[in-house]
Each structure stands twice: as C-alpha cells, then as structure tokens.
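Each of the two complexes below includes chain A, the first together with chain B, the second together with chain C.
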Partner chain A sequence: MITRDQLATLLDRLVEKNKVIAPVSDNRGVVRYTAIRTAGDVAWEFDRAKVPPKSHFLPQTEELYCYDTTGGELRIEPVPAAGRAVVFGVHPCDLRAIAALDPVFDGVFKDVYYLDKRERTVVVGLACKQVLPGCFCRSYGIEPTDGEGADLMLTEVGDRYYAEILTPKGEALVREFPELFSDGGVEEGRRGKEALSRELAGQFQREVDLTGVKEKVDTMFEHPYWQEVARKCIGCGICTYLCPTCHCFDIIENHSGHRGSRLRCWDSCMFTDFTLHTSSHNPRSTKKERVRNRFLHKLSYHNERYGLAGCVGCGRCVAECPVNIDITKIIADIKEVD
Partner chain B sequence: MKAVIDNLRREAVRLLANDEVKMVIGYGEGTDASRTTPYFASTPEQSAAFTWGPLCANNLAKHLLDYRYEDTRLAVVVKGCDSRGINRLLQDLQFPRERLVVLGVPCGGQLDRNLIAPEIPPGARLQGIEDTGKVYVLVTDKGRLSFPKDRFLMPKCYLCETNMPVVADFMAGDPVPSPAREGSDRTAEVNEIEALDVAARSSFWDNEFSRCLRCNACRNVCPACSCKECVFEQAVPGWQQSGIIGSKANSLPENMVFHLVRMFHVIGRCVDCGECERVCPVDIPLRLLYRKTLKDAHILYGAGTPGMSTEVQSPLSEFSPEDPEEFM
Partner chain C sequence: MGNVENCLLPLPATIQKIIPETSDVNTYRVTFDDPEVMANWRNKPGQLAMISLFGAGEAMFSISSSPTQRDYLEFTIRKAGVVTKALHSLEEGGKIGIRGPYGNGFPFDLMKGRDVLFVGGGIGLAPLRSLIEFMLDDQNRADFGKIEVLYGARSSDDLCFKQAVLEDWPKRPNCEVWTTIDRAEDAWKGHVGFVPAYLEEVGPKGEGKVAVLCGPPIMIKFVLVGLEKLGFKDEMIYSTLELRMKCGVGKCGRCNIGHKFVCLEGPVFDLVQIKELPPEF
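Up next is the complex of A and B:
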C-alpha cells in the first residue's frame, strides 16, 4: 500500500534520476502524458488522457540520427540512447495497447528506438475510477482495474493506493524505495480493488460482441458498406493519432546546409498521401479504401499478424470523431449486414 | 422541431422519388444522446432516418466537395452559419448551383456537446427534443433533461450572425429567434488578444500551437479549404520535404507554419462557422485566429462575413483603386 503523499514523494524522488512521464493537464484542461518536474504537475483526477501514452515509446516526431557533410565527408551521429524512464498513471486499456504494439516493433525487424525505450521504462499502471461514455474495454476482455502490461499496478482504495508488483522491473522500483510502501492493509486493498472492479463493470454504456466479427469482416473487402461509412469521413487523423494501438510512421529529412537529421513522424492511413506512390498511383485513392483499411486493421489484420486485438476499447476515437464514426456501431453493423 | 423534421423528410422523399437529386445529405441519429451524425440518403425509404435539432453542429456543406467532379444533383441540409459555406463554395466555383438543392433549417442554437454530455445519464437513449423557447429538453428513456439555452449552447451561437440560412431552395420551418446574445461583440475576444504586447501574444499562440497534433481535422472540416490538393500535401517526396512548407514533423515552428499559412489562405473565405474549433481534439481556439482576419478584412476593405451573399466578392479576390496600400 502507498498513500497519495508517499506516491507524490515517490514521483519526486524518481524525477531525480529518471524521466518521469505522467498525465498532465494544460491551461485548457487537455490531458496528455508529459515529462513532469515535480509530482505537483500530475493531473491526479484525470479520467482519460486525450493522447495515449504510446507517445512516450513512439514519439510523434523522433530523431533517428543526425548527419554532417561539412568538407565533403559524411559523419553520422547517432542519437543518444534513451535514459531511464517511468511512465506513471497508465489505464488498463492503454496498458493492453502497449502490449499490442510490442510485437510490431519487436518482430522480424527489431526497432531499436522503440525497444530501447521500452526496455528502460518502468510502466506504472493506474486503475480507472470511472467508466466514460465512449469506453468499451470490457468487450475486449479488459477490466478497468486490470494490471496486465504494467510493471507496478496501482488502485486507489480509500485514501491509499493498493500496489501490485507484477514484474521484476516493478519489484526493483518498490525495492528502491521500500520506506514509501507498507504491507499494512493489503487485504483491505485487495478487497477494495475487487469492489471497485465490480462497481465499474456495471457502468459500461457500450458493449460489443466480437464473436465472429473477424471472420465476417474478412469476407467484406468488396462490401458496399464501406462506401456508406466513408461518406461521413472527413479524412482527418484524429482516430489514428489518438488511437493507442495505431503506430504508422513516415520518415522525413530535416536538413539545412551541411547538417541534417532524419526524423520519424506519426502518419495516418486516413491521409490521402499515406499510400501515394512516387509514380503518383495511389492504391487507396478514395476515402472508401482508407476507411476500410482502418477498420480491417483494427478488427482483422492486427489479430492475424500478432494474435492480439488491434483495438482495446479505450473509446478515444468514439469520443473525438468529428462525424461520429463509432467503431462500436461499425462492429455491430458488420454483424448485421448481408 | 418535430414539424421541421417531418418537412425535411417529406422534401427528401419528394426529391429522391422524383429523381430530382441522387442523394440528400442531412443529419441522422448519433450513437449517443449528445450528438447526430452526417447521414446520406439515396432512396426515399432512407429519408425516414433524417433528423434535425440542436445536436446538429456539423457543417454539411463540406461534404459537397466529395461530389464536385461528378455530374449528379445533390441536396444538402444547412443551418444559417453553414449556408455561408454554400455561398462561398458557389462563389469559388467549387460546386455548380444547378446541381445543388439547398434545404434550409431554422436554427435556435446548437447545444455544446462538451457541456451536455456529462449531464446525460449513462446509456440514455434519445427519444425526441423539445424547444420551449428558452430551454431545449432532451427526452430520453432515462428522463427529461433540460438545457437552458443561455448556458448550454456552443459559444459561437451566442455570437450568431444568421440563424436562418442566407441561401435555401426549401425552408423546412418558420423563422425562430436567434440565439445571439444582445449586444454581443464578435470582435471582443480578438480585441483582448490584440491588447497584449507582442511577447505575450506570441507566447499565447506558442502555447496553443505547441499542443497541435497536426491531425488536419481543422483543415478537412473547413468549407473554405476547398483545394483539390492542399499546399501541405503537394507532391514532394518525404525525403525532400525539408525547406518546403510543412512536413509531418511536429514542432512549434512547423505547427505555426501550418496554422498561419492556413489562416492566410482562408482570409475572405472563412465563413466563421466554427467547425475548426469544434473538431480540434486538443482545444486550440482556432476561431479566434480566423476572427482576427475577419476583423482586419472588415477594417481594411469594409468586408462583411464571407458567404453572406454571392454578390459580394472576397476582398482579396478583387482590386479596387480605393484599397488601402500603406505598404506600397
């Protein structure tokens, strides 16, 4: 168990030697995972961060290396390795999303940038205290108190947090600051967590039945349904940029004179130029192909490649889509259409 | 409200049944009680799903651009603010008038989803909406929810310029009172920012732009952004992007270039529908930026809000010897 004050002390102590990323609310109340300077920066009462914590492991813009060609000679300067980091306050859907990203960057191609940060980062999960209208993680088998994917999982119970050590990294973190954690009241904490879990389970407004959805959607590539959905779509990147499992990127050069760097930037399959070939041919030339691709990726491709769901039910796209394209409705429709 | 919905559906059925249009673009039921969704009907039967009310914030004029190179006739439902977008698209020759049927709806103000959503009981299903004059009542299966118009409308509605469409071939209802607040000053917020010194102004916008995700929602929803290919996406291979405006790199300078270029591009064309601000996922006060250009265009050229009529040219599309030219 750990009290709020001790947790704040823990974050303050961690800041001394680590980059600590936590939900921070800005002047307009937009919550994002941002590096904090003190525990005072943390938005303790946040419900769901607008941008998921994937931005720590896969930053929107990331320098891969720098180069210098002064004097006609090419010198490449690798970007320094990531330092120790702690991501604090990750909700169960986002924890599961990180697990869904891991095989993408740790497959045939080992992505050193992602894996380096993943290796040196301790993930501290935080159970949800409420279910938002867009949330449907439960349909993906995630309870809003689940710690799967966290190194250390915290659940607020009364005026303290019930802390579960789930990995050696989590254990090392607790061992580093034994004076901040206590064994007293652990049983009460466990029961409190169970009660919270039961309470939250009854708060879901959105539930989808995924039975047979992958099989059905796999037969729907040419279905006119996609045209119907695509008519609404304005082709912005909100759903992909706010999605905790979307991970597409583009590589660009940023150079000036003899110096420059190579950057990796988030890209979105909703953008017209995402699949644009240099020949000017575009295999996904209309919104129909782009919208279809997004939903096939979420509901089929990711599953096919990694055996993991491509959606975790965080509800961000449901909440933010300007035209109310709602993946829970898409799933229900897929089951319905002929 | 029900009468307006009935009129709209009847007109949509008539237009589709008589083959006067191929498709009607309007609003359909949303996936929760706080919103609607753009809805496209191609058959008279589908027209039964059209709805209308204070949850119809989307400006549907933008969807016309998806069909600009086709030869089909379309009908689109517009509110007062949206209708200015129709006029602008017509003026910019982005859609031919003869292929368009404008279905106007009288708007008493749109509810702010950010304000009403927290008040709606979990899982409530919308059964109807009543307008009592001062209050919108959302009738749901979990009770009647009252939203007084003086507290729950979108901020833009309190500054409303035209709550009745400025262009319409068919009106689905009688005029209703404007939601504009008496004595409201559309330039008040701009004046506040202008009053700051340069450093404070710069830091205000730096702070806002640094949050931008570059999701392009503001651009994609904007009826003034009608370019077939946006300047930010012109065919420049990624590896040559440096030095060309706008790469996908997210940084304050890049974000600022994006927003300021967009701001300059929409001068004289931004109809002040506020869609950019509604859709921004990180709450950048974009409308404030474009309002500044509206104010300046008014001071410099006497220009009114673009799209109020198709008779008045955009100030930057027209040269007059009387134009101010203090920079010459």
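Up next is the complex of A and C:
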C-alpha cells in the first residue's frame, strides 16, 4: 500500500535519477504523458489522457541520427540511447496497447529506438476510477483495473493506493524505496480493488460483440459499406494520432547547410500522400481505400500479423472524431451488412 | 547482412562509378566506406536497399547488381523525385547512405533445374538483372536451364544495360535475348512493337518453365495474359510489387497490401499470391 503523499514523494525521488513521464494537463486542459519536474505537475484527477502513453515509446517527433557532410565527407551519428524512465499512470487499455505495439518494433528487424525505451522504462499502471461514455475495453477482454502489462499496478482504494508488483522491474522499483510502501491494509486494498472492478464493470455504456467480426470483415474488402463510412470522414487523421496502437511514421529531413538530422514523425494512413508514388500512382487514392485500410488494420490486419487485437477499446477515436465516426457502430454494422 | 544493430541507421557509402543507361537513368556503382561492412554485406537477387541522400531524404531501390559481385553494389535509378534528383546531381566520389538489404528477393532455389524466361519493360530490367547475372555467373550457371530474356522499352535510348542486353547476354551459352522498342527508329535494326505482342510472337513454351517479370503495370497486365496462353503456371510466374516505403522493416505502415508488408513479405510474389492479395497496389 502507498498513500497519495508517499506516491508524490516516490515520483519526486524518481525524478532525481529518471525521466518521469506522467499525465499532465496543459494550459488548455489537454492531458498528455509528459516529463514532470515534480509530483506537483501530475494531473492526479485525469480520466483518460487525450494523447496515449505511446508518445513516450514512439514520440510524435524523434531524432534518429545526425549527419554532417562538411567537406564532401559523410559522418553519421546515431542519437544516444534513451536513459532510465518511469511512465506513471497508465490505464489498462493503454497497457494492452503497448503490448500490441511491442511485436511491431521487435521481430527480425529490431527498432532500437523503441526497444531501448521499453527496456529502460518502468511502467506504473493505474486502475481507472470511472468508465467514460466512449470506453469499451471490456469488449476486448480488458477490465479497467487489469494490471497486465504493468511493472507495478496501482489502484486507488480510499485514501491510499493498493500496489501490486507484477514484474522484476516493478519489484526493483519498490525495493529502491521500501520506506514509502507498507504491508498494512493489503487485504483491505485487495478487497477494495475487487469492489471497484465490479462497480466499473456495471458502468459501461458501450459494448461490442467481436465474435466473427474478423472473419466477416476479411470478406468485405470490396463491400460498398466502406464508401458509406468514407463519405463522412474528413481525413483529419485524429483517430490515428490518438490511437494507442497506431504506429505509422514518416522519416523526414531536418537540415541546414551541411548538417542535419533525420526525424521520425507520426504519420497517418488517412492522408492522401501517405502511399503516393513518385510516379503519381496511389494505391489508396481516395478516402474509401484509406478508411477501409484503417478499419481493416484495427479489426483484422494487426491480429493476422501479431495475434493481438489492433484495438483496445480505449474510446479515444470515438470521443475525438469530429464527424462522429464510431468504431463500435462500425463493428456492429459489419455484423449486419450482407 | 547489412546494418543489423540499428536497422534505421544508414551506412556511409561512396559512388565509385556512374554508368549512364538512358537520358534519365544511371547505374550507380557504390561501395561502403567501411571495408568490413562491404565484406560482410550479403543480399539475394531481387532484394532492396534504402538509399539516403543527405539533405533530400531516403528512397527504396532494388539492387541491380548480382550478389555474386562482392566488391560493390549497383543501383539503376531514374531521375524522378526529390531523392533521385539529388542523387543524379552527385558525381563519382559523392557520398550516400545505404541500409538494408530488405525484402524477400527472388526464390532462386525454386528455379533450379528449370528454364527461366525473364520479361522486362524499361527500368523494370533493373531487379531482373540481379537475378539474370546471378544465374549466368559461372558458379551458378549449371544450376539453371535455358535463360531467355524478352526486354522492351519505349525507344532505343530507354533500353537499360545496353551492353549486356545487345552484346553480352546473347553470346552466353544457352541464353537467348529478344529486344524490342515501342516505335520504329531509323538506326534501330531490331524488333519494333510492345512487349506483350512480341511475347506472343516469340512464343516461348511455358511448360515446366519459370517466368520472372518486372515492368510498368500495363505491361505486366498484358504479359500475364500472354503467359497463360503459353502454358505458364501461376505458381511459376514471379513479379515484383512496388509500394511507397519509409522504413523498409515493416514498421512505418505504408507498404501494406492487406496484412502483408511488401518490404518484408515482398517485393517478389508469385502469381498465386498476387491473385490472393486484395487489389490495392
């Protein structure tokens, strides 16, 4: 168990030796996972950060390497590996999303930028305290108190947090600050977590039945339904930027004179030039192809490649789409259309 | 292999030689600046590499030299976009970055003991050349049957690898080359006409034979019709697919066709696979 004050102390102590990333509210009230200087920066009462914590592992803009071509020579310097970090306050849907991203950046070709951060980051999960109208993680088999994927999982119970050590990394973190955690009231904490879990399970306003959806959608590539969805879409890409499992990126040039660097920036399959060839040929030239690609990625392709769902039911795209395209409605429609 | 430690980091390389192919296509012969990288580099015919022009960006190209040539890599590149314009502005001695190799390459083991027909259009001969030279190499020649190459371009100027196509390959034992250009020219003594029509005219028998194609989509479309008539089997027809790529390692998300990434599972597919893919390329 750990009290709120002790948790704040923990974060303050961690800041001394680590980069500590936590939900922070900016001056417009937008919550995103940001490096904090003190525990006072944390938006303790956040519900769902608008930008998911993938931004730590796959930053919106990330320098990959620098180069210098002075004097006709070529020197390429990779950026130094990431240091130790702690990401605090990751909700269960986002924990699952990190698990969905891991195999993308691992594999035959290992992405050292992502994997270094994963290896050197301790993930502190935080159980949800409420279910938002867009939330449907439960349809993906996630409970809003699940700690799977966290190194240390916290659940607010009364005026304290019930802390579960789930991995050696989580254990090392607790062992570094034994004076901040106590064993007293653990049983009460466990029961409190169970009660919260039951309470939250009854709060879901959205539920989808995913049975047979992948199989059905796999037969729908040529279906006119995508045209219908595309008609509404304005191609803004907000769904992809805020999606915790979207990982598409561009590598862009950032140079001045002989020196420069290459930056990896989030990109979106909703943009026309994403797949545009130099020849002007474009395999996904209209919104229909792009919308179809996004939903097939979420509901089929990711699963086909990695055996993990490409959606975690976090509800961000549902809440933020300016024209109310709703993946839960799309899932329901897929089951209905001929 | 190439850069395995950090798959996104280009390795410095130098243009040793620029061989003009057509008015807007050059072959760039390059070596890695680190001799150890050069010595350890291994690729298969038909694999790709990401070329970096510092100040311009990166783009993916097929390696047009045969892997049996261990001293350098060649890339045959048309001046077309931002990166290729920057490349074409460089001279011999110019510095570029290379990372790779990427993609599956041609499954040449499956072609052993068989006759192989290559059908290429324009700069589409570049990836085919890596396999043709590989098969014609002394150490591999006995593994393969007759090599036939049917190659066409818009004009005689647009023919790439002229020395090989018109002089060297036709002289090699058990190797036949047919060349055609789209429209008649005064100095051109060879065949005139489109590749698919010439294919039907030449009429190589398809039975037991492998066909490997690369060229503009319209050429591929009609060549496939011709090959079927000649008795080629779908599982023995290979083609390369081209999609925009940024990473080359299955992560940036733009070269997918359905759940397949062309940079990983491609760029070479057989016709059975191509027919199973969603038509989005």
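In this section, the second predicted complex is superposed on the first by the 338 of 338 C-alpha atoms of A that agree within 3 Å, B and C clash if a C-alpha of one lies under 4 Å from a C-alpha of the other, contacts with A are read in each partner's own complex, and residues count from 1 in each chain.
The working rule: a contact is a pair of C-beta atoms (placed from the backbone, for glycine too) under 8 Å apart; a residue touches a chain by one contact, two chains touch by 3 or more.
Model, not experiment: these values are computed from the prediction.
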| item | value |
| --- | --- |
| First, second, both or neither for A:Asp47, with chain B first and chain C second | neither |
| Chain B versus chain C as contact partner of A:Asp102, first or second or both or neither | neither |
| Partner chain(s) touched by A:Glu253 [first = chain B, second = chain C, both, neither] | both |
| Contacts of A:Ile76 with chain B and chain C, given as first, second, both or neither | second |
| Touching partner for A:Val323 - first (chain B), second (chain C), both, neither | first |
| First (chain B), second (chain C), both or neither touched by A:Thr278 | both |
| Which superposed partner A:Val112 touches (first chain B, second chain C, both, neither) | second |
| Which superposed partner A:Ser300 touches (first chain B, second chain C, both, neither) | second |
| First (chain B), second (chain C), both or neither touched by A:Asp267 | both |
| Contacts on chain A seen with chain B and repeated with chain C across the two complexes | 250-253, 255, 260, 267, 276, 278 |
| Chain C contact footprint on chain A (complex, rising order) | 64-65, 67, 69, 72-76, 78, 104-105, 107-113, 221, 247-253, 255, 260, 262, 264, 267, 269, 274-279, 281, 283-284, 289, 293, 296-297, 300-302, 304-305 |
| Residues of chain B defined as touching chain A within the complex | 30-32, 34-38, 40, 58, 62-63, 66, 117, 120, 122-123, 207, 211, 213-217, 219-221, 233, 235, 237-243, 247-251, 275, 278-279, 281-283 |
| Chain A residues within the chain B interface of the complex | 26-30, 32, 50-51, 60-61, 131, 133, 203, 205, 228, 231-232, 234-238, 241-242, 250-256, 260, 263, 265-268, 271-273, 276, 278, 280, 287, 318, 320, 322-326, 328-329 |
| For the chain C and chain A complex, residues of the former touching the latter | 5-12, 33, 54-59, 80-81, 84, 93-97, 217, 242-244, 246-247, 249-254, 256-259, 264, 278, 280-281 |
